[in-house]
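Look at the two complexes coming up: chain A is in both, with chain B in one and chain C in the other.
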Partner chain A sequence: MTLYILKRLGQALVAMFVVALAVFLLIRWAPGDPARLMLPETASKEEVEALRVRLGLDRPLPVQFGWFLKDLVNLDLGTSFFYNRPVAEIIGLHFPRTALLGGVSLVLSLVIGIPLGIIAAVKEGRLADFVAMGFAVIGQSVPIFWLGFMLVLVFSIKFHWFPTSGTGTWQHLVLPATTLSAFTMALISRLVRSGMLDILGEDYIRTARAKGLSEALVILRHGFRNLMIPVVTVVGMSVGVLLAGSVVTEAVFAWPGVGLMIMTAVSARDYPLIQAFTLFVAFVVICVNLIVDLLYVYLDPRIRL
Partner chain B sequence: MLDNRKVISERKKKIQRILRNPRIVWGGLVIVVLLFGAVFAPYLSSKDPLKQNLLSRLMAPQGFSGPHLLGTDSLGRDIFSRILYGARISLTVGFLTVIISGVIGVMLGLFAGYYKGKTDSILSRAADIQLSIPVIIMAIVLLAMVGPSVFNIIMVMAISRWMLYFRLVRSLVFSLMASPMIDAARVIGVSRRRLFVKHLLANLWTPIIVVTTQQMAQIILLEATLSFLGVGIPPSVPSWGMMVSQGRNYIETAWWVITFPGLAIFVATLAINFVGDGLRDFLDPRRRF
Partner chain C sequence: MRQMFKLHGVFFLLVLIGCLLYGPVTRAAEKGMADELIIGATTGLRTLEVHWMGAQEIALNWHVYEPLVWLDSDGSIKPLLAESWTVSNDGLEWLFKLRPGVKFSDGTDFDAEDAAANIQRQVDSIVKKEPTSFAFMYADVAKVEVVNKLTFKVVCKERIGPLLNYLSILLMIPKEAVEKWGPKRITEILPGTGPYIKKSQVPNMGAELVANPKYWQKGLPAVSRLTYREFVEEATMVNALRRGEVDVIQPVNHEFHPLLKADKNITVESFLPYEMIFVALKCDKAPFNNLKARQAFNYAVDRKLIVDTLLKGQGRPVGAFIQEGMPGYAPQLKAPARDLAKARQLLKESGYDGRKLKFIGPPGWYTATRESCEAITAMMQEAGFNVELTFLEGGAFTNARLTGAFDLHFLGSRAITGEPQRYLDERVVTDLYKSGWVHKECFDLIKEAGRTIDPKAKEKLYFRIQEIMYNEVAPQAFLHQANGFYAYRNNVKNFKMLPTFTFYAPGVVKYKE
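So, the complex of A and B:
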């Protein structure tokens, strides 16, 4: 077990290194000069060159990468070109807002998605299944940015129930969280349905029924408990999906999280911030995957690592 | 010898069973309508999708009683026309991306599954690493760097999505390689190329087609999302995602500008997903994808 965790951590380090190297090279090979973008249009060639020297962009790539790695080992992610403040500080400022939005969306999709999936499985092939899976396929097909605008159109512009954009009160959270949770809700209900269908075909369910337990007890006690593994799997998958979806949702609702931050960073060619953010995302996703795998062992003692 | 007539009637039965699946039929019908609209766009609408007319800007949908079926946008361009031409872009980009990422993923999956060992572990690690960054974030970073163009978006999306084919094919080849069929083929001295094409690939078409359909829907959504964010299709080409983004400034006064292009994305994706789900249930009754 300890050996397994150590091995996974080793693999994670390799993955992070590859991500760092790939992103580092890709953004530097691409056209576009951050120094040029940072200075006003009227800046002279000499001024641009001076700034390139100050940012270290005039040095050979291996040297630049060496500096980057050295700072990284000291847990220093660098200084943002655009904000001119430490990158860690910028991400630290924006990420809690994204985490709030993503967290609320995750809870919302679990609270609705799990019951929907269970009902669909229990009523397989009947109207309830049809309706629930209809919702799911709609949730997976609707472009979330458009869904966001449609919600604004109806609930902000027509009924004036919720603000169109921004942050601050709980009312600001309602439309963005609904928008962001649409896809994960669909994902969760579909996977819960197929997980539940598998469970309902197991011997212990037949045993529980044969000994005369009520159907509700069979499903809630014997079915639901064993559903934890598919639920943990899908929550793990959802983290990456929500992070990606937050970029779009934040663009629709002007929600000042990491999604808006990365859009600004890419257009300003803010190399340190782009590098740090992609590494941060990879770190979060890899950690979540590791936690999910460890949870399997805890949830199902039959699983050996 | 195989009886030819029997084979044909088997096939007929299969087609009949597909046609009895409502999701495949309705989804397929919508896709056919969209394809028809995309191909015959110039004949279906007399309006030039790029022609601006500031005198008729932001006109409300007129239905069949006026010249602008779905109204006009902020530059006076006909929205119906733009949606038809946008279908060309979305469907072409989706189709090409699926083909390119499919070819890359299937080939690498075959190699990994066949050669195992080092080849497999290197390719699998690469897939894992790429999966650790969500596709949209990867695509935004890449596209913002190389700049928006139709070619760039196809390449970036293809590179970001090969892993799904790879993982599927790899695991299927693993199980196929354990079957006596492969041993038999080797014993009679089948060449490696023939083994790949006739023995491995020939047995993989069904799952590949199902995954391709599901991928197509996802890729159309991804392209629309990237175009909406301004890093996908360039603004000069009519695309559904960009139309939504251009309509957002007029959402309070002209709801139709933003509503119809988004509806087009939704309907196209929904139809393809319906077909994908229908095919999956049909071809794999255990529903375990």
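So, the complex of A and C:
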């Protein structure tokens, strides 16, 4: 088991290195000079050059990448060009809000998506199935920004139930979390439905029923437990989806998380912030996937063999 | 009996005290004044640095840090921290007398040492090659001398015509802060002399300001808390206003105008900003190195149609770059009317070889940017130009302009100082955006205007400069001036946007809804 974890950690480090290199090169290939964008438009070429030297942008790319890695090893994410503040401080300021939004969205996806999928499977071909899968198709096909604005129009502007935007109270969280969870919720419910349909045809389910167990017990104890591996896999994958979706959701709801921050950072060519943020997201996704892999061992004893 | 009188007396006194105490409370309650004004905007606050910022950041920050003079909405310069000023006959020495009794919010006096240090910081930032946003305005300052506690002198190497306009956006911070930070970017909240004190500022969220109890203008600010909320999506900001989560939103795109107008709790107002929309032409490369091709462009574009349809009539076509309210406004230089036959003829005479022209457009920085660019492309094609239109992301667009990687580009120019000099320096003489247009007479006139203090003489120069650019259709062809909009809830009074696309809200009153 320890060897397995060490192996996975090794893979994670390689993945992080590849991400770091890719982001480092990609943002430098994009047109737009951060020094030029930072200075007033009237700044002379000499002034732009002086700033490039100060930021270290005049050095060859391998040297800049070396500095970046060295700082990274020392857990120094650098200083934002744009905000002129330590990158770690900026991410620390914004990420908790994105984590909260993403976390609540994930919980909503599971709490609604799983029962919806089970109901659809159990009531296959009946009205409940059509309604549940109708929601799922809408959730997966509707663009996040459209759904967000529709929810605001109905529940904020029309009924005055929730605020339109911002943070501060639990009410502020309801609409953005619902919006962000729509896709994942739909994904989970469809996965649960198809998985449950397969399982319900298995011999051990027939046996459980033959033993006289109640249908609820058959589904929850024998059916749902066997569904856990694909559900956990999807949850792991959803973390990346939710982080990506947070960019749009945060913009629609003026939710001051990392999504908004990264949009600003990209347009300002804030290299340290973009690099650190991308690496941070990669780190979070890799960690979640590692946890998911470890959960497999717990959920399916055959993997331990 | 005497005891009874005593009791009555005490009772009467208590009632009197009660009335005195209760009176103001009741009056305030009757008036129903709210204690927080929330202003929504789509422009982010990037920095705590007061000399390194854009128009919206200045608009918020001059509630905290004040300039020496104030640019009024009619374009005139009014005293603020500087009570009066005089300029020497040769125009090289400016003597400023400061207002007495002004204090920073930390209780220290604002004096000539502070004012001088702020101007000197701009000059030093050029020397140290880390220019602030306003540094170039002070490039001709030789020295700043403190005469006494409330008087200082700015000595110039060359005359600086728009110095007062430039000073209207230079926000004053304490001398100690200038000494501490030098030309490096400030990353802390500093005490200011303004009506508010900045309590916090968070990227992508906004800022919280509270009333400055030591403010020198008695009775201001009217509202004790001012909150600035940032939005990325304009539709979100509009919804927040409709729901009453913000009190004022600015600026607002004209496409939201009908929606907001339909809401009986909201007032929408328009203003004519110092913003000019134009197409810059690459004048050192065919076909626009030929006057006839530039004139062909001028006649190909239907400015009136763009204003009437795409701007829904909320603006006006223009022929020259100085806007109404600024020195040198020349209404006689009218926007050319579309003449397709003439455009085709001129293009033919220019010898244009049909090469595909690269027309680049910014993301939605201005009203109907995308639609206007598409309309211009279609109009040019109709006249015989072969045009390929590309919209670029902000950073890429700026990069393309700065490197001259275009044949024509769409842009707007805002004059936050209320003076056209900066625009002329940047886009014509220095040729920041690589138009490649050279015209010695025009360049000399621009330099002369920059050294002219007398308003009448300056105006004359600006007329002539515009005339040349108008006849030459270079380096830009001017399109239109679009109305700006802002909206507020009806319980807010006295909010006005300034033509510089900024606002000043200490006198704004908000009643409870």
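Simple rule for what comes next: the second predicted complex is superposed on the first by the 303 of 305 C-alpha atoms of A that agree within 3 Å, B and C clash if a C-alpha of one lies under 4 Å from a C-alpha of the other, contacts with A are read in each partner's own complex, and residues count from 1 in each chain.
Definition applied: a contact is a pair of C-beta atoms (placed from the backbone, for glycine too) under 8 Å apart; a residue touches a chain by one contact, two chains touch by 3 or more.
No experiment lies behind these values; they were computed from the predicted model shown.
By the touch criterion defined above, A:51 reaches chain C but does not reach chain B.
In the superposed model, A:19 lies in contact with chain B only, and not with chain C.
Once the two complexes are overlaid on the shared chain, A:39 sits against chain C while remaining clear of chain B.
Look at A:74: by the touch rule set out above, it reaches neither chain B nor chain C. Once chain A of one complex is fitted onto chain A of the other, the partner contacts of A:31 extend to both chain B and chain C. When both complexes are overlaid on chain A, the residue A:160 reaches chain C alone and has no touch with chain B. When the two complexes are overlaid on their common chain A, residue A:256 makes contact with chain C while staying clear of chain B. Judged by the touch definition given at the top, the superposed model places A:93 against chain C, while chain B stays out of reach.
Using the contact criterion defined above for the overlaid structures, shared-chain residue A:82 touches chain C, although it does not reach chain B. Common to the chain B-facing and chain C-facing surfaces of chain A are residues 30-32, 145, 149, 152-153, 157, 251-252, 263, 266-267.
Of all residues in chain A, only 30-33, 36-37, 39-43, 46-47, 50-51, 54, 82-85, 90, 93-94, 145, 149, 152-153, 156-157, 160, 163-166, 250-254, 256, 260-261, 263-264, 266-269 touch chain C in the complex they form.
Of all residues in chain C, those touching chain A in their complex are 44, 46-47, 49, 52, 126, 129-136, 185, 187, 202-205, 229-233, 235-237, 239-240, 242-243, 245, 393-396, 398-400, 402, 422, 425-426, 430, 432. Of all the residues in chain B, the ones that touch chain A in their complex are 125, 128-129, 131-138, 140-142, 144-147, 217, 221, 224-225, 228-229, 231, 241, 244, 248, 251-252, 255, 258-259, 262-263, 265-266, 269-270, 273-274, 277, 287-288.
Listed in rising order, the residues of chain A touching chain B in the complex are 11, 14-15, 18-19, 23, 26-27, 30-32, 137-138, 140-146, 149-150, 152-153, 157, 194, 197, 240-241, 243-245, 247-248, 251-252, 262-263, 266-267, 274, 278, 281-282, 285-286, 289.
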